[in-house]
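Note that subunit A is present in both complexes that follow, paired respectively with subunit B and with subunit C.
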Partner chain A sequence: MAEVQAEVEAYARGLSHVRDGVRAYGLVVRMWVRSTMAYRVSFVMMTVGNFAATALDFVAIAFMFSHIDALGGFTLPEVAFLYGTTSVSFGLADLVLGNLDRVGRRVRDGTMDTLLTRPAPVLAQVAADQFALRRLGRVTQGGLLLGWSLARLDVAWTPVTVLLVPVMLVAGAVIFGALFVAGAAFQFRAVDAAEVQNAFTYGGTTLLQYPPSVFARDLVRGVTFVVPLAFVNWLPALRVLGRDDPLGLPGWVDFTSPLVALVCWVLAGLAWRVGLRGYRSTGS
Partner chain B sequence: MDDLIVLEGVEKVFDVRRRAGFLRRERHRVRAVDGIGFRVPRGEMVGYIGPNGAGKSTTIKMLTGILTPSAGRLRVAGIDPSRDRSRLARRIGVVFGQRTTLWWDLPLRDSYGLVRRMYRVPDARYRANLERCVELLDLGELLDVPVRQLSLGQRMRGDIAAALLHDPEVLYLDEPTIGLDVASKAKVREFLRDVNAERGMTVLLTTHDLTDIEQLCKRVMVIDHGRLVYDGGLDGLHAKGESERTLVVDLEREFPPITGVPGARVVRVEGPRQWLAFAATHSAAPVVAAVAERYPLVDLSVREPDIEQVIARMYAEG
Partner chain C sequence: MRLYAAVAVSGFRRHATYRVATAAGVFTNTVFGFILAYTYIALWNERPHLGGYGREQALTFVWTSQALLGAACLIGGGFQEELQERIRSGDIAVDLYRPADLQLWWLASDLGRAFFQLLGRGVVPLAVGALCFELALPGLSLTWAAFLLSVLLGLLVSFGLRYLVGLCAFWLLDGAGVNMAFALLSMFFSGTLLPLNVFPGVFGEVARVLPWSAMLQVPVDVLLERRTGAGLAAALGFQAAWAVALLLAGRALQTAATRKVVVQGG
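After this line comes the complex of A and B, so read on.
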């Protein structure tokens, strides 16, 4: 009985920890948004610049398609679907957690210590660090593209595939978010780990914008089994588009993105705890 | 006795990895804090001093829950800092002199608003505390100024106020007067004296400016090489450091170095002016009398020992 009670208490503590974290995150985000608004012109310019940069990416693909009809066997709306889904997922994760790549810098300059003296979870505080609304640009652009592709796609929609689209967007955001958190955890050890993290996050989303069929099979295998980026959009998207995946995995795998996302998040959370504990026992 | 800060045999050992070759790394252990024990009763203001790298910051970091001690027992307001960091945070205030917690681009007031929400300070309490800080620290005209436009002294005052809005029981100040001009230093000290007296707040202060200690703390602890080498009053520090006061005498004309004054010796002669050193624990009167008896005295002054030298000497011995 006592064990059950202890379990319940631990669970309640965990929940209140999450609630505190979300609250602190909101508080700090608000401060950053107000800080950005102190420089309104710069905010507008950054937002426009951000949008233009991501838009140009797609223009490049559109140019390519003006000369060829398909990329790796995928039509333009199909590529736009891949591009849109990964952009929305990544954009959401980047908006919410993208500034976790500043953990290393905070460890180096000692400002991490200040966060540890506040009554709020550290992860929430560093995640909200330098929160920038301009990052909404990527999400918006991805969303527009996704909308365009959904209108143009020539697929037989079923209730299952319709449902699969929002599910993959959320699961994808969670997977990218887990990568940000795991990367942040490694920055306690090596302050420059942010670069490696960027290779998986920013690099990952660039990869996922293209059909898996244009890449070497080993690479596809790697992003399926090692760093599970394929679950962000490739596997569920192939189901939506009615195509076979190049690895020939069983069909049900296409639906496992939420599960993979959950596992990633739990592992990333553990890594963060280990990282923070290490920091607190060794300092910088 | 109600001890707010308790340390018993606290140690902190770091494994430091140093690059010894291109990829080879050497590991060695550094005992940053090597068995420290002390108690600070509620309402006391204590100076915690020592040379760079002595273990001061490491101690403070353990007391705030930033670092986990390697051994020993540590309690602040009855809480184990490393285990209950968040709960402790509500009961302590921390000011790192060289790191502001204020929001650079926002008016000072906004930073305080964040403190209020993050620490869940009740409205009435918050208003009363803010009012008091504004009054004592002269912040009235600064509240609506973006922090980036404040001077260093103004920002430090702002930082101290930010650390006090949630009614902490313990206040840690790490170099609170560093880089400030004389007037700002005086204002900060006066304020600290006031809050300490008024609210009975326990204060632990690290500083390089010994005037801070002389003006604020009855008790001082000296740490060196991770060990507490002194814990007591300022006077005791002089005795322990074998410090000396100096009697400066102006005689009518030049004399050879004064002799025959018990307990004093001449350390310097410059024309008719001579400097005599004697133990700080001794009274100046017999020395003055002995000189006046045998030499034509025109003027005299007594110089108090320089506490920095006292401590420097202690470090050298340690």
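After this line comes the complex of A and C, so read on.
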């Protein structure tokens, strides 16, 4: 009986830890949003810039389609669907957790120590500090393009595939979020290696903009079984678009994105713990 | 001259210190190289000879662009943020007081950085690309010398543009907006996203004569031996003309800016 009670208490403590984290995150974010809004014109310019940066990516794809009708067998609306889904997912993760790539810099300049002395979870503090609302630009751009593609797509919608779209956006954001956390944990070990995670985050979303049929089979295997980027949009999107996946996985795999996202978070959370436990201040 | 050589060497050594960061950059450039390479293969499978490139030439473009990404600051980065910070904080007054020319000082320092990044971040991605894909690289020939000359001129153009961007801080104080706009223009008009010879119609024609084209498109075309003989001279002349024009514009802007500087206090 005592064991059960202890377990319940530990669980409650864990929950309250998460609640503390979310609360601290909210407080810090609100502060940064208010400070951003003090320079309204600058904010508008930066958001437009963020929007334009990702839009140019798609302009390049549109230029490709000015020469061709299909890329890897996918039409422009289909590629736009892939592009829109991964941009929204990545954009959300980048908005909420993008600042985690500063861990290395914080260790170097010693500001990590300040965070450790505050009575709030460190992960929430690092993620919220310098919160950049301008990153809504990417989410907006991805969302608009996704809307356009949905209007242009020629697919037979069923209740299941309709539901799959929001599920894939959220699960995708969670998977990208886990990558940000894991990348941040890695920076405790390799302080100067912030750029490595760009290969998986920015590189990941660039990869997922294109159909899997474009890439070598081994690369697709790698991003399915090792770094599970394929679950962000490829697998569920192929189901929505009514196409076979190049690896020939069983059909139910298309619906497992939320589960994969959960596993990713557990692993990333553990990695973060290990990283933070092993942290040694550089001193002053 | 010896002074500027020393500045260039220290620029090189300053960046050479960050070995892990360099390795991380090489890794990321290589990953992006693979992603772009496969999309280009798909594109050129649909349309062989698109923009006058064969598949191997398109792949050479991908891997050369990843190799030059850091050195020529194709997607942003570089010294200009540091310069802007010095202007904002007033440290620029100390720089102007030195018995050295401001533009040449930064040029030397930036070339030192670029040479390091060319070696540290350029060679490995290009080698990996050449090992994993069939590239259209020339054998041992003078083409490599012409390519290196073209890269050097591209670096001068890159510096010329970024010096103008940096000096904007004399008037704007906060350079964030200009830097962002400039990074976008560079990324798009250098051809990093898509080679400029694939850009359609009049838009493409305009894009190919803008200064950004001198940073990546022209060096790659020299490497691919698409510019030889008189064409090569014209290509290098195009780059040199932009480099001279931009450096002169930087000089004029610098004169205008320094006339504006008022050193407060003492």
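Basically, the second predicted complex is superposed on the first by the 279 of 284 C-alpha atoms of A that agree within 3 Å, B and C clash if a C-alpha of one lies under 4 Å from a C-alpha of the other, contacts with A are read in each partner's own complex, and residues count from 1 in each chain.
To be clear about the criterion, a residue touches a chain if its C-beta (ideal position, glycine included) is under 8 Å from a C-beta of that chain, and two chains touch if they have at least 3 such contacts.
This structure is a prediction, so every number in the text was calculated from the model and none was measured.
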Touch test for A:Asp113: subunit B only (first), subunit C only (second), both, or neither? first
Of the two partner chains, subunit B (first) and subunit C (second), which one does A:Thr282 touch, if any: first, second, both, or neither? first
In the overlay, answer first, second, both or neither for which of subunit B and subunit C A:Phe225 touches. neither
Touch count on subunit A, higher of subunit B and subunit C: C
Looking at A:Ala38, would you say it contacts subunit B, subunit C, both, or neither? Reply first, second, both or neither. first
Provide the residue numbers of subunit A that touch subunit C in the complex, in ascending order. 42, 45-46, 49, 52-53, 56-57, 59-60, 63-64, 66-72, 190-196, 198-199, 203, 206-207, 210, 213-216, 219
For subunit C, which residues count as touching subunit A in their complex? 18-21, 23-25, 27-28, 31-32, 34-35, 38-39, 41-43, 46-47, 50, 174, 176-177, 180-181, 183-184, 187-188, 193-194, 198-200
Can you tell me which positions in subunit A touch subunit B when the two form their complex? 20, 24, 27-28, 31, 34-35, 38-39, 110-111, 113-114, 116-121, 277, 280-283
Which residues of subunit B touch subunit A in the complex? 14-15, 58, 61, 64-68, 70, 82, 85-87, 89-90, 92, 94, 96, 99, 101, 103-106, 110, 114, 117-119, 146
